[in-house]
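Shared between the two complexes below is subunit A, which pairs with subunit B and subunit C, respectively.
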Partner chain A sequence: MALPTYTIRPALRCLRKAYYLGPGPLSSSHRFTTTALRQDEAIAESTIDASTPAPPPAPPSQYLDPEMVSTPRQERKLFKTLGLQPIGSRRRRAALKGSDNVPFEQMPYQCFQEARKVLQEDREIKLGQIAEMRRRIARWQNTPTAECGGEVAKKGKLLRMHRHLEELKVLADINDPMIKKRFEDGMGDMNRPIYRYLADKKWRAYKRRILMQRISQMYVVPDMFQHLDPTAEVSLAFGRRNIQPGEFVDSRISEKPARLKIQPFDKGERLVTVAVMDADVPDEERDAFTSRCHFLAVNIPVSPTSTSVPFSKLSKESHIVLPWLPPYAQKGAPYHRLGVFVLQQPGEGDQAKMDVVGLQESMARKRDRFRVRGFAQNHALHPIGVHLFRSKWDEGTDAVVTRAGIEGFNIEYARKKPEKLPYKKKDGERYR
Partner chain B sequence: MKLSPALQSLATALRIPIHAPSKPISCLATCTGHYQPSQTKTSPFSTTTPTQARKADKGPAKDRRIKLIRYFLHHPRTPRPLRFSRNRTLRHWTIHRAAQLLLHNERAQRELELERQYNAMRAAMEELRLGVGDGGRLYRQAVSRKGIYGGLKVGQSGGLAGNGGIPAEYARAQTEGPPRAGWDHGWTRG
Partner chain C sequence: MPPPRIIVSSLARPCHACKSSRISTPRFLPLLFHRTASHASQGRANKAAPGPGKRLGAKKGALELVVPGNIIFRQRGTHWFPGENCAMGRDHTIFAKEKGYVTYYRDPELHPKRKYIGVVFQRGMKLPVPRNAPRRRRLGLVGRERELTTMAGVEVPEGEGLEVGGITEAQGTLRQQTKEARSKVPDMKRLELRPGYQYRESNYSIGRTAERAGVKTRQLKKGGRVLHNLKRKAKREAAERRAMGKKQKRQRKGGSKGGNI
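So, the complex of A and B:
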């Protein structure tokens, strides 16, 4: 038996009413807390980073809120008028509609609210420190070099101050539960230092360790580069297929140019060179292995927010030096390791740009015996990201190679028989 | 079954009977005992060998510790693991962070206070050394450690001898509160 409405407790009814009036901010009588609202967040963010995204516009009517529509009729109306699909299940939406819709920050738990108060006070202190640090940096930049004790001392001091400033920016936001939530949902804005910091921590906790293990297990480090300390996350995909570091890739899959995602964790745009090198090309003349370049592109702009680098979409005139050559391995040869290297170009802005036309001319005949280590040394490039995959002969290789028009492929390698150890004849005495 | 005292107390706290794990094993032993005679029976009308339920391949014996952990972990009397909803986790995390922050601030404050005290002491000593104008005599007397752990000693002739310092046994590290045992009034030297 359904209870009549007036038996609902007054407080609950009060909250219910709030929903029917619309999902706006609660009236002051609902506020359980003495702490300030999160309205100050936007201001604080703007002090930290100038580029804050505008908040999404509020839905025009709460009856057509995609989070809350719960009848088929309303859903249809939502799609017709706003062109939006409802979010989540109908059951969830109905539950949301019936809930009192208190924002997370205003949840009426005393300990939680006290904790928020403590954290917000700390944040205010940190913001003050940030402002102070900015002032100090400005003052140091304006003081003449002679008073600071020389060029080197001034530079070092400024560098340390900037580093401290970055630390403070992270510390100001690290205790915010909403930031944690947004990061876990993958909605973090990589323009802000806190999200970059969290992403970096997450990457280093697992993915980077795997990458480093593969690199050392498959001897990428002494073979292709003497030392690698990746600071940017690089993920590789062919079409929609993600490739784990060191995975064997079918030659038919790797026929099409790859797609890289380069995620740097420090701010600013930089130009990078991407090189793909095969380190296990058999060399019959020397009875050894050489290397080959499968792809080389320069002047690719990468920043924390623009991370996608599809090889097929790069322009031939301004980026690509050597176009994609499908990885292949002859029958019988051991597997080939293909290292993908992301090398940062020195300098800033236009100074960092490399001469594409000149490189195209000079590298045209240098696909074979290409060494990424020497290339990086010659152009003063610094490796910031690595990836690795392997390829071996399979059923599709023949077709791939014919389509790519590669010559001299029809070789089948066989293992050399190891020379037998000379048989040492035992003296006959023992067998009598 | 022998259990470590820790496990036993855990079992009593959770009211888990600790003789239970021996049950399934004994049951299994009796079951196999019942099955054995039926293996020799063959059906007279069939030439095919009867298929029998395969005995579970138990493999090598499990570690006793693992067995016990599993037993206690999956026992119905064991309380369910603590699982929070998303929002509750976040609230929990917020409170935890705030508590950690308070602790950290308190510690930093204490450290600063200690540093301030040390600096004040050092400044006073510097003043004594240079500012008094006696060539540092007072200072030298103040910092001299000669005989501080000596104490008084009753000589053979009955008089007091020794350097009159504070005996090392009286020394106690400075703490914020009194010791648990209070002052030991009954203590005598040697």
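So, the complex of A and C:
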């Protein structure tokens, strides 16, 4: 981490001054320090006599630059005064603070420039391949089916070619440092394949693993769905509170409708259905558990760039089939698992649309015993994203339930006394 | 293994070379004669001594009814593993966790070599359950009605969500308010967490309840007759109380002395 100028040890400061006398960052003289200085700081420093103690430093001109704030205090100040969030990691910001902002083309390192040349050549090759691939796809599409060896063969070939084209698009940009920087700053344009690729990779590296672990630990598979292979990132929040997969959520917090962020990593807009299902509703009659639907909405358009799905802002006429029912658990019952499922609707464009009015009528009385597995099967829906949270009875549940007007809640569960085996009378002969 | 050393006298093996010496030496066994045991005389070598049987094995056969806690199989080591609705004890004993019927089965998807013991709820049920089928779970609870104890029935007026110390809708706790908003909250509604984990109003505020309620008391004239009489009455009563106290003390003292005599 680069240190601010005034904290560098005096000896090191002298050393630096000794050789750093060049005109500025554009000089071709090599510097052998591990920590680079910003140009303006370096010049200001060279005027100070090494023998006299350094005066307290004046605040830098870009004191509250969101690119460069590197202490928690400064970050807070930045947010308070300018209302800005710092960009990138603190480590990165600190490094940036101590560097001359020299563009890559002007970096005075021969080897570095040679390496850049290699990468640029590679990119040129890839661009050529992309153009070639596009040409071949167009040619193949125009070829009559009979010549291609049948419908299936043609489709398969085209699919493979498209897949290869997407790969090439990623490979063309993957070595560009500016792309990497922009992605890490969160400025990546999700319309471009490279940023989608990087985002997907990042999600799969950690968040998806956690999600998959929770799914198997809490038996979402097989209790709610037979198999899940999420391809879109789903994050859940109630108001400003972000919920981690499997977290216990206070009933007062989950009273208001949730907010989803659905981030697909493949291009194009699609329509999705969102279903929230409770899989642990006690069913005393059958001495088993049943399920309940807490929310159902259809025809929600989602694309890599439009990701936010606030349940409260969805239209009642065109999206919502079953409005939000606050999750609740009766006292003494084991915790309830609530699965949030994002299901992609089959077809494209208007073909994919589902009949909302019809669903509203048919589902009106089917909240109880709703099973997302069967629902998806009936409507040929494919799960692309999952999230889950848990809920148990807490001191706020009674009020939440009363406000929501839920009936039959006032039940407290206690453990059933275990039955004993019927007493078997021993054979009388043995005791004669 | 070393060859058995049997030191026998030369008598045992007569040879022609020493015929003459045989005649000259007397015939007796040497003093050093040693024969090591080739077979143990004690211990389990001659007779197996198994000790008492440990009564291992199946205690419940397939399809037999069990209730929670029933032992199904006793074993040394894990010949059998606990499957559905079963668990394994400290000494590898398999016992039931649910009421049902015992099933002995294999589950190659879970483990190719292990044998499992499970309990199914109904006689016809098969184990193992397919991987993607929902689990079969029993509630095992009884419900009884209860009163909703919270302020659920109490109507919370609009915009006054500060009564409860916990989270309330939109407004949050007192501490979460801005300074300005906090100052507007009347004293009696400032419910704070006090010793004993109670959210209640402060003692200062309780003391001012009458004032808030506008309770009027009679204003007495200073130095007036009414006030004078009241004070005299109070004094007299106080004196009486004190006298009573002394009397009782004296009585108690006297009683104990009397007991000594």
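Rule of thumb we're sticking to: the second predicted complex is superposed on the first by the 315 of 432 C-alpha atoms of A that agree within 3 Å, B and C clash if a C-alpha of one lies under 4 Å from a C-alpha of the other, contacts with A are read in each partner's own complex, and residues count from 1 in each chain.
In this text, a contact is a pair of C-beta atoms (placed from the backbone, for glycine too) under 8 Å apart; a residue touches a chain by one contact, two chains touch by 3 or more.
This is a predicted model, so every value here is computed, not measured.
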item	value
Contacts of A:410 with subunit B and subunit C, given as first, second, both or neither	second
Partner chain in contact with A:289 - subunit B first, subunit C second, else both or neither	second
First (subunit B), second (subunit C), both or neither touched by A:142	neither
First (subunit B), second (subunit C), both or neither touched by A:378	neither
Which superposed partner A:118 touches (first subunit B, second subunit C, both, neither)	first
Residues of subunit A defined as touching subunit C within the complex	219, 221-224, 226-227, 250, 252-253, 255, 282-284, 286-289, 330-333, 373, 395-396, 398-399, 401-403, 409-416, 418-421
Of all residues in subunit C, those that touch subunit A in their complex	65-70, 99, 131-153, 166-169
For the subunit B and subunit A complex, residues of the former touching the latter	86-87, 90-91, 93-95, 97-99, 101-102, 105
Subunit B-touching residues of subunit A, taken from the complex the two chains share	104, 107, 109, 111-112, 114-116, 118-119, 122, 175, 177, 180-181
